[in-house]
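Below is one structure, written out as structure tokens; comments come after it.
By written order: A, B, C and D. Residues from 1 in each chain.
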Amino acid sequence: VAPKNEASTNFKVALLTPGPISDQSWNGGAYAGLMRIKDSLGAEVSHIQTKTPAEFEQNFRQYGANGYTLVFGHGFEFQDAASRVAPEFPKTIYITTGGTATGVNQAAMGFSFGQPSFLAGFVAGSVTKSGIVGCIGGTELPPVKASFAAFTAGVHTANPKATILVSYIGNWDDASAGKEQALAQIGQGADVIFQNADAAGLGVFQAAKQTHDVFIIGSNADQNNIAPSVTLGSVLIDLPRAFMLVAREVKSGTFKGRMIQLDTKTDVVRWVPNPSLPSAIPVNVTQRVDSIRATMLAEQFVMPPLS
Amino acid sequence: MTTPRWLTRVGVPAAVTVVVITTLLLVVLLGGFDLSRALRALWSGSIGSSYAFFSETLVRASPLILLGLSVALAFRAGIFNIGAEGQLLAGATAAVAVGLGFSQLPSALLVPAELLAAGIGGAFFAFIAAVLKRRFGVLEVISTLMLNFVARYAVSYLVRGPLQEPSHAYPQSGALPPAARLPTIISGQQTHLGLLIALIFAGALWWYLRSTAVGFRVRVIGAGPIAAASSGRIDVPQVIFGVFLVSGAIAGLAGGIQATGVTYALYEDISPGLGYSAIAVALLARLHPLAVVIAALFFGALEAGAAAMQRDASVPAVFVAVVEALVILGVLAIGRVRTQIAVGRLTAEPAE
Amino acid sequence: MTGLHLSLDAITKRFGATLALDNASITVRGGTLHALLGENGAGKTTLMRLAFGMTQPDSGVIALNGTPCHWRSSAGAIAAGIGMVHQHFLLVPAMTVAENIALGDRGVFTGFSPRDAADRVRRIGAETGLILDPDSRVGDLPVSAQQRLEIVKALARNAKFLILDEPTAVLTPREAQELYEWLRGFVIRGGTVVLITHKLREALSIADDVTVLRRGRCVLSAPAAELNETTIVQAMLGGRIDPSPVPEKGTVGPVVLRIMDVAVDDDQGVRRLTEATLDISAGEIVGVAGVEGSGQRELLRVLAGRVQPTTGQVRIPERVGFVPEDRHRDALIPEMTLVENVALQDASLRTGRMQWASIASQTAALVHAHDVRTADITVPVASLSGGNQQKFVLARELAGAPPALIAENPTRGLDVRATAQVLLQLRQARAQGVAIVVYSSDLDEILALADRIVVCFNGRVISTQADGDAIARAMIGVS
Amino acid sequence: MSNNAIGLFLEATVRTATPLAYAALGELVVERSGVLNIGLEGIIIAGAFGALVGAGAGGATAGFVAAVCAGMIIASIFAFFVVTLKSDQIISGTAISMFGLGVTGVLYKILYGTTGAALHTPTVGPLVIPFLGDLPWVGGALFAQPVVTYALYPLVVAVWCFLNRSAAGLALRAVGERPEAARAAGISPSRVQWISILFGGAMGGLCGGTLVIAQAGTFAEGISAGRGVIAIAIVVLGRWTAVGVAGAALLFGAASALQYLAQAKGWPLPYQFSLALPYVLTLVALAGLRGRVAAPAALARSDAESI
């Protein structure tokens, strides 16, 4: 864990995550990004897990004072603290993954998570037999909500009569509660569930493993390996890729504070079907998905109105 | 007895200290990080520099002082109020609501109004538990705990509903305008007026418990409720009710200074369990208001140092938790801190 | 040799600065009843707690039947057949009588049957006359019943060697008589008894041997037959008690306490006191007699203003001194200092700042005037010996000559000198015009002290002549 | 609601109640001996982690054994501090909680790296009891559960019998009410408290084990998710009796199940209201249970033995 060759560089990169990096999802992906920056760009890195807004600011300030070049606050919730601290440390660049606040040395990364979520929804709407599809989130955060909305649009595109159930676990750790939320939705007839609950979401996979004919769609990281027998695919944010994009800019001195929107075209967000379950998605559905994806790449995709 | 007294007095704490340090080293070895760097980070991140002390330790200690006082006051009266967390959230909510709602007021009026609202908010939350205790005989140890969860979800709802920021994108309130913020008191540092307020409250509570008749009644009730009623002829339920509200108000005020002095807005996760740490703070201080200040500083420094260990010495968060736990256990073993209260005294009897 | 033979030899025990036992020795012959006497704080309880293994001596040897014992807890003593009846009850208030009796049964897989335990309680009650309801919660029992339970508890463990620390202090004379008879029988059957008491006459009449402790040392050890009360008092006090002049009885003044047609219901709505009408005037002592549960407890609390009557009229002054029976729980806060406990009195009437300096000097004066033995007025009340706690409560309640004083069993657990002092103080207060009501389970004490006597029977208050037989009959409802 | 819906609701009730009942029954015994173990959270997570490691190495049974051992190890640290050293119970408990959460996180990191353990842990599925399992409504809830749930039924009876019908239980209660009296009766309060804390550790460990092996099928850093605190509340709600604790655990389970159902059914109320439901219902239940309730008199008294 300890940085080994600090001597080489004074490119220092820090990451603040709101949860544990062992979640195989949102936080784990960011940490993988940090590690990639360390390995590929030889940066000296630092990570801190911190959940409360009071501490966001304190840690941003400490990183600024200690001469860090680039600091990631992993989530929209970091943006207020970043906006307050960034002007105090003009030599440090503050990035929040999510949010919209920008400045000279501050940027917000936006993930067009809606596009792959739409594709996932389209698959779910096509695959469901019961016509009931579920969404389970950790807590109701803007990116989660947006993703569920796009997913819903996708489901309705494939199956206008489908019913969508939305539940929130209330935290991101309680895998057992995640499983119960899933079982409750399955009890209501849901046979495809889209989960975005980090560690708690593992329970959603477990619920499907114990029930017949229920499929799960994962979020954030490639979760196709968590439970390959029940996973249709994952809506992925390639956080290492996204982090590298920004880190390269910073290192080469071309960085400008702005809203950085990362979409299907940049390949930072994408829908990844589960390769070990090829027969779960009918070929014609896959073809439709590919053609919608083509419109996305061509920037011709129009999201149907979200209800 | 065969073991000489001095041996148990000195030997046991010494042995525990050795064990604690050994465990610490073991943890470090397992984690494969640099111990001296970690300890240096702990030191420099907490009290090793004026910035760390004034902007990190003191800022973290300020709400803990008030919360510790809130808990100490309640416990002194024999009220097992573990609802400081919920009362803090209620206070922060009320402060932010007032700060945003009356943002045109001048700062000299607005800030006191916010803090007053915070106190009332905290008192209101304690009021629920106090009524449940008095009218329905519900033990406050459980009602306050349940109310903590209710408060958490209430805030979660409010920041997505009535109190959500104007763009309605994020689960947080709008930001308090500068006039609605607590000023800092040391230039170049983050220490805010809340610290002074907390210190004043500590002194006042100390004086109140020690020197006033009302404070004496509170202490008497905590130490011997039956004798208080019989010999002191005190209306015990009524005093308890009042103390409960005051305790809630102080915890609410902690939420107020946190929102107006540090975060400048209401967030779901505005408190990382400060209300629970406060119980340890109060007990470590043996419920003495002045000692609460010291205990809160200790916890504030520990938290600040812990953050530095993550940042500067690459000690992962989970290791940091272990180190913090070991430090607290070490202090316990050496200080041999014992409880001053017996929870069992807290028999709830519904008023007739 | 019959019975267990216990000797404690050259025992020294310190508590911090207090030298509780100073090279004390006692030999209890098997199959005898041994009285252990001494003034309050002499070290009697401490010596017997050592014999029971609850504390360990700093030096000295404890031997049972000649074999030295090194008990680390009372388990050893209990296993050896010793039972102890504690002065400050060691009962579990939240449990029933039967559960308290069964407590201490050994074995991981030993069952506990409430029915068997209850049978045990009833059987012992039938054998000894110490009757208890096995299913009542100990915390709800009056003190005298708790005392009986302490004794029954020791007996239930089949103790062959019984230590009783002031067991009769709260028993009625009749109950005490029954207990003594049973103890004699116990000794005749081969048991051994150590009895700590302040009732010298009784001790002399039933003991085989007597040991007197003074300031932690044994000052007298002899067969009872060779002793009389005077020699014992001399040994206890290291001199004679000078009879203090009894203050003149003043003139009886106006009525101070008046209750008319008062009724009191308890928490469960059971009527405890009914149609009670009583006037008490300044300068008189009214004695209250009654067997437990007859309503005297409620009567006294109504008079003291500590309980509001369910119906009826009460006219009492704002301040009424009150010495409740359970002083530890109802009158004192043991962990607080003497000064704070003085301030506790009528704490509800205090306002503004606490005048600690003047309360401290008031405390010092009280402690001095009433001869309360304490290291300092800023130590916790818990560190006082039980007798001194009692003196302290009385002193506090009498301070500043309240218009009226209500006292329950005011001499419980006091040694001869302290008892005399308390009685003297009550008479002095009467001379100063205080209206006084005293309840005592000791009829002789009431007869000696009171100007007139009322008896509580079945929730009613009955006036009677100040004549022992008439009162005793009224107490059991025979007229 | 259909028969099936009620059945599913009851099943979820019992499932949610099971781990809570274990932890609370253990805590009940601990509290009856005069010790308040706020460190229960740390014990539960240790049990969960033990289960992960044990089950991975030797199957589900080994997992439960390891969970019990892990719970007892953490409990013994707590016992050493509060019984042997007579340190303050609440501060010690707070530290033990932190220690448990931290140390499992550390070991998790060491054994499973930053990627976590995923869902490869062996699990135990429901064991349907013939006939009974097919009963309408309650069949699934009571007779089609994992073995750990069945083990709970005799455990409740055993704890009740131990506390009320055994000499040792009487001794334990006396220690919790008045240690001085227990000592005078030849009982060693320290020994009694040590044993009861170890028992509480074993039960807390089983709670964690149940979460991992019988429910989530995985471990996450915060998987105990406040169950230690809830278990303590359940002991109070159950008025310090075995049957009461079982009932309170079920009540809490039912309130949680209702919450899952409310969300899955899309009842039109903010999800936070659903999440707060178990806590509000507990309060209502308490207020309805008017009357004298007393904790063990010597609970949380750390000077108990120094008479």
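Observations
In this text, a contact is a pair of C-beta atoms (placed from the backbone, for glycine too) under 8 Å apart; a residue touches a chain by one contact, two chains touch by 3 or more.
This structure is a prediction, so every number in the text was calculated from the model and none was measured.
The greater number of contacting C-beta pairs, out of the two interfaces A-D and C-D, is seen for A-D. The distance from the centre of subunit A to the centre of subunit D, each centre being the mean of the chain's C-alpha atoms, comes to 34 Å.
Centre-to-centre, using mean CA coordinates, subunit B is 46 Å away from subunit C.
Here the CA centre of subunit A is 75 Å from the CA centre of subunit C.
Of all residues in subunit C, none touches two or more other chains. Contact of a single residue of subunit B with at least two other chains is seen at positions 31, 153, 156, 160, 316-318. In subunit D, the residues that reach two or more other chains under the touch definition are 105, 108-109, 177, 221, 272, 275, 294, 296-297.
Touching chain pairs in this entry, ordered by label, are A-B, A-D, B-C, B-D, C-D. Interface residues of subunit B, counted against subunit A in their complex, comprise 31-34, 45, 51, 55-56, 59-60, 153, 156, 160, 169-172, 175, 190, 258, 262-265, 267-272, 304, 307-308, 310-312, 314, 316-318.
The part of subunit A that touches subunit B in the complex is made up of residues 1-3, 14, 20, 46-55, 57-59, 61-63, 65-66, 76-77, 80, 99-100, 139-142, 170.
Listing the residues of subunit D that touch subunit A in their complex gives 4-5, 8, 12, 15-16, 19, 105, 108-109, 112, 114-116, 118-119, 123, 125, 211, 215-223, 225, 256-257, 260-261, 263-266, 271-272, 275. For subunit A in complex with subunit D, the touching residues are 20-24, 28, 31-32, 134, 140, 165-168, 170-181, 183-185, 187-188, 190, 199-200, 202-203, 205-206, 209-210, 225-227.
Residue ranges on subunit C touching subunit D, taken from their complex, read 52, 54, 73-79, 84, 86, 90-95, 99-100, 102-113.
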